[in-house]
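One chain, subunit A, links the two complexes that follow: it is found with subunit B in the first and with subunit C in the second.
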Partner chain A sequence: MIRSDQLDHGFVEEVMAEPGGQHLLTCWSCGTCAATCIVRRYEPAFNPRLILHKAGLGLREEVLCCSEIWQCSACDACYPRCPKEIHISEVMKAIRAVAIRAGYESPGPTAEVDETICSGCAVCTRACPYGAIERVTKGVNGSERTVAHVDRNLCLHCGICVAACPSGAMSLESFSDRELISRMGADGWLDKPGHLQGGSPEPRVLAFVCQWSIHSGAEWAWLDDLQSDTVRVVNLPCSGRVDPAMVLLALTKGADGVLVVGCKEGECHYVRGTYLGRSKLALIGQILSQMGMDAERVQFAEMGALDRFRLPKLISAIANDLKGVRVSAQVAVMA
Partner chain B sequence: MVDAARHPKVEILAYSEVEQVEGYIGNFRAHVTKKPRYVLEDRCNGCGECAQACPIELPNDFELDIAPRKAIDVPHGQAVPLIYAIDMDSCIKCYKCVEACGKLDAIDFSMQEENLELDVGSIIVATGFESFDPSRIPEYGYGVYPNVMTTMELERLANSAGPTVGRLVRPSDGQTPKSIAMIQCVGSRDHRYNEYCSGFCCMYTIKNALLLKQTYHDMDITIFYMDIRTPAKSYEEFYNRAREYGIRFIQGRPSQITEDPETHNLYVEAEDQALGQVVEFEVEMVSLSSAAIPRVDTERLASTLTLSRSPGGFYMEYHPKLRPVDSPTDGVFLAGAAQGPKDIPACVAQGSAAAARAARVLSADTWEIEPIVASVREDRCISAQGRKCGICATACPYGAITVEVGQAAQITKAKCHGCGGCVAECPHDAISQDHFTDAQIVAQLAELLRDKPEEKILAFMCHWCSYGGADNAGTSHFQYPANSRGIRVMCSARMDSDFILEAYRRGAGMVLVSGCHPQDCHYISGQQVAAKRFDRIPRTLERLGINPERFRVEWISAAEGEKYARVISEMSEKLASLDKESLRAENAAASPAIDKRLQRWRESPQLADLMEPARQEVPV
Partner chain C sequence: MGKLKLGVYWAASCGGCDIAIVELGEHLLDLAEVADIVFWPAATDFKCEDVEAMESKSMDLALFNGAIRTEEDAHIAHLLRDRAKVLVAFGSCAMEGCIPALGNIKGPDYALYRALEETPTTDNPHNWRPKTAFEMPEGTLTLPGLYKQVRTLAEVVPVDYSIPGCPPNHDQVWKALSAVIAGDLPPTGSLLGVDSRTVCDQCPRTREGKIRVSRFHRPHEVIPDPERCLLEQGLVCAGPATHAGCGALCIKANMPCRGCYGPPDSVSDQGAALMDAIVASFDGQSDAEIRQVLETVVDPVGTFYRFSLAGSLLYRVRMSELLSGQVCDTQAGGNGGEEVRS
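Here is the complex of A and B:
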């Protein structure tokens, strides 16, 4: 039971005084944000409406202690749908600011820096959509060096820095390079020759799918059903996590086509991931053409919240397209 | 409607448009265009043979475009008057209708538009509402998924006189759906579209759900709502009955609808607030209860009749509590959803009230108005001297002033409500308001500032709000310093900048101008006229060397006695903190410039006496 004397109005005022927090009390708890938010797929307890409601009541400890306040990735899928036009991610930021001031910190997980490898080149600093990485100068193995440092309160473990790092110094607890490659090649999928290499009668497609771009459980179930000798689905934390080296690896090892699926532009869970993923794929396509291969073999697709049922069709359409690629020329180049 | 049509004293001009209205209460002249029906009213007996013969089919807007109608048709079977009309834009002139009409010979292709002039005593505006177009909300997929409809469309399908003779079918396959989700507040209570509550959607959704449940017992009906609003008599009981019938109610606004492209079934996602969990419903049909919105031509008619509009866009009533069916223009009354979304009982009640109010005008030989109207001094009006001005006409919220170059401005007294906005706005003092003349106000001002003016706060207050607020402060015994002196005028729009400057010339310490809050102005836009004027005052004061902190604008309602007391206390504190000597010096330094500006007052016989150098004995 919550008694009225537990409600801390000072907390409400504190949140509302933060930039972005001023709309806290306009919420009337319709639940549109909660039904829109995709974080709940992986964190069932996450409910933005409830956080706003509790904060609006002044349940200070209950709000600040909960791990959910750190999970909003500011994708702003809820913002355009909110009938009260509350910028919910900004309210979350305001709550976090109060939490940080009160000495709380995000429970993680975060991207990790291997300081012995990090060259301090700052590519990750520029790639991070949240400005969570900065360079610090500190003693590493007895010598003074400049290395990347991840602010755990800002990092949302999207993995964009991991894919961006040229030295391989960044890593995520899940979705490490090793783990992704082992998932790509599980059951010897990568060791079988593809359609273009004169092996499989049907084109073989490897699809990297951003875990936030597929919205319903039913769709994931269809994707599982699709997994076969000719289709391999590997999920990523974000399409921006896709590593060009992995795409090229797949193409040289029996995949006829690689499809990367990200969130729809504007709905990207990590703000800039779709932009980065699509740009990378465009560059890989150019490299393929320069090598005399068909740039169509790598493709990027966007899946919006309303694009349910589209992905299986897309995969079969791509497989179909690949049948038209001139086989002999591709084999010659590959060889 | 049928009774009205039969009544000897009621004439219905259907298929006609009001183009222009001039005149005033009791003496309106309406210019009406009667569009040609191409069917003679006195011959057509409504048999419908012509429509059966007509080969052209068009979308039927009465059936919300679900069913067809003919190029010669009536809106619906119960239409009054039951006279057919030809839609000339789609008629191919095959003359099959003429053949079908036969001996009645009611069809006349040579019919022309008619322009009528009607002399009427009062006008009732009952133009109704429109439905919000839900395709503006992309996440609900209206217009994209065939089985997402509006509740109005669903109602036509469920109606036994509707296009499917009462059999509810879904557009994708013509089958009766086994499950329906009904979504409330589509486009209303939504700051992206319309902030207001449409009011009657809860009830008509529940009604349709109950009707369907009674016809199709096994139909699974879920209503997604934010709040169920059933406040009128017997409404709550109706809602209870719907729950007892097994209609499912889920409190939660759906975030999106997606469609299975093969089955055309729909997935509705929402957070069930009671569960605190997201639910996903697979249903065969979705109905959206879209908001009632003002008709597109609301603004056109508003300018024709000098009506104003509320924030939601509907016509604004004279006063929300005391005169809910009167419009701001005397003799024009409002009824039904044109004034705001409302259900049938409320429309009937308001319609009856409007009829009674209108009859009051018709039964009177003369009409009494407030004796505070404005009048033009023709010798001073520069329009009479052939110069372009018209400032008074733009300031008048009632369209009571007409200005033609070469003639003095004309004020229709019956339209004037006595706000005094034109009086204050006229740069040549050519308009005066009875009982609130410049001389009367300046005389008050002079008397109030006779002793120790630098210690006084001169407060101009509007009659309806701020004066009531000051009164409220007194009757509630709120404590505030005794150095304020009030002058009451009808509206903040009457508070001429000249009065404010005159107050400083006479040595006032502080000046407060206060009126109604913007949305509460009793003279439609008087407060806006005033606010615009007051915005310029601080700069004027700065130029004159007067500290602008000695001037304050506050909007105080009649209930805000506490605010009035607080404002006066704050101003009094501020005044106490200012050095009296420098304050006097400021006023004295500004005095010649103000005097020069008010030179024209000396030309007025009433004002000249009052305009003796400041701080002398003033004859009262």
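Here is the complex of A and C:
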């Protein structure tokens, strides 16, 4: 039940005054956005129609308190389908701007910059799918420098900037380089010799899996069953977070192959994460084959929201490919 | 206190590092006041036997430039490690392999085949190859054996400090030498002669920050705008993944940074860091578009690992399958005049 004395038209005006918020009242609540929403497939409680409706009524506290306004990943799957042509992710951004002004903070972690290391090279500002990073000139340790600055309203913690940063200045809670490497090597998994090194009878596969491909706790429990002496699954916030250094590190140790699983083309939550992940893997494959090694040792696979059961099959497929890999020592030098 | 004893050696290098020392200019006179040069094959007439005759730890500082490619390189690396109190990997070759280490992509047998047979201008009807020993009426002539891989100095002997650069900037060399002379050295294992952070920190160009690239150009294909970020103009500039220290020399000459100062402090693999930075600047909203951008990155190993291949994670993936320190097959087989199977 909605009480009319809770309605705050000032809130509606405040949202509409924000850039992107002007279309708030054009919504006629058809629900097409909810039907196409990718986040909703994993988070059934998330409903963009409802948020727009509540905001349009002026339910200030109810809208600002809810965690859903921070969950929209601005993939814009709903935008081309909305019959009223509302850019819903922009409206969400406007609502978040009001929330931040009112003292609310994003519940999720956001990317953090170590300003003492940052050179202001602008790699992260280009990498960010949301334009959430700007370069600002400020005093750092007593000297005037230009460094990256993350807008906490716009950052949706995909980790693409963390992988992209060539100075190691970016980090993301629970997905920092150190944390990922410790998950890759937990229980000494990386230190056991691989199939190509003549150790394990079966190829050993490290799989980096986008967390949106596997989401619920039940599914992770099921993944735990998949973990074995020959399979190690590590989740990433997005396949765009995959770092070439980590892939190569795994290959220098006990992993025969590295599989990176991202969302299907057009379903990536973070707009360009899948493309970036795929490009990185393609490039790593190219440098391996240029060095006389088999490019099959690193592979990228897509997994849609509805075919998550494919993960074990994907892993056994790469393991199968790895059985046919020749080590470079056997490749003719004059080739 | 007596004068310091200083040694300089070149292994697999181009000689640019020796020039970097000559480039000290008037500082050479300052150096001569406090130090005696006891070994420097590029400039003085001391021989290897002179170093062999020295006592252990009798040299205060040895600047070793060049990668380890031959048995002789390794021999002198061990010798200088023993004779010198402080051994410095001087320049990119000694520190991370540099251009000579690109030979690791195809290996020394191919290098000899290419140089002595494959090039159109080569006339070698008997397919001669250099042997490690050759009998002549006057006696046996010897050549050092080529190893199967080019290694960094630190892969062969423990190294105290490294000075990056291809070659190191002479101002930075003087800064490092001054620290040695003053006895004011940082903890062992540190880099000498560098500045904080990356080349971008010293680059005077403007970065718009949001421009992505829909194709990459090689430096000879375009004349870039001298005011704007080279990466944003579609040139693979290694600046973001390269330690500061050179003062952005190449960039001021309107050429993209090639990455000779090695990775910044918190990064282990320069090639991987650069690769990710380049991919992040790809433009395109679909797989097909991004693949088109990818195709314009020519020679990825030579581009991303131009200076750092020998010590890189990438090469370690392959090294795990090869035996370190073996002489290449062409020479080990002693096939000086025989035909080489290809």
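Side notes on the structure shown:
Everything that follows uses one rule, which is that the second predicted complex is superposed on the first by the 238 of 335 C-alpha atoms of A that agree within 3 Å, B and C clash if a C-alpha of one lies under 4 Å from a C-alpha of the other, contacts with A are read in each partner's own complex, and residues count from 1 in each chain.
What we mean here is this: a contact is a pair of C-beta atoms (placed from the backbone, for glycine too) under 8 Å apart; a residue touches a chain by one contact, two chains touch by 3 or more.
Here the structure is a predicted model, which means the values were calculated and not measured.
Look at A:Ser167: by the touch rule set out above, it reaches subunit C but stays clear of subunit B.
After overlaying the two complexes on the shared chain, residue contacts for A:Glu85 are found with subunit B alone; subunit C is out of touch.
With both structures placed on the common chain, the touch criterion links A:Leu251 to subunit C but leaves subunit B unconnected. In the superposed model, C is the one of subunit B and subunit C that contacts more residues of subunit A. Of the two partner chains, neither subunit B nor subunit C is touched by A:Gln227. With both structures placed on the common chain, the touch criterion links A:Leu196 to subunit C but leaves subunit B unconnected. Partner subunit B is touched in their complex by these residues of subunit A: 28-36, 40, 47, 49-50, 78, 81, 83-85, 216, 305-306, 308-309. Those residues of subunit B that touch subunit A in the complex are listed here as 138-139, 141, 185, 189-192, 226, 251-256, 258-261, 267, 269-273, 276, 278, 280.
For subunit C in complex with subunit A, the residues that touch the partner chain are 105-107, 109-110, 113, 197-201, 207-212, 229, 231-232, 239-241, 244, 264-269, 271-277, 279-282, 284-287, 290-291, 293-294, 297, 299-301, 304-305, 312-318, 320-322, 329, 341-342.
Subunit A contributes residues 117-127, 131, 134-135, 145, 160-161, 163-169, 196-197, 243-245, 248-249, 251-252, 265, 272, 274-276, 278-280, 282-284, 286-288, 290-293, 327-329, 333-334 to its touches with subunit C in the complex.
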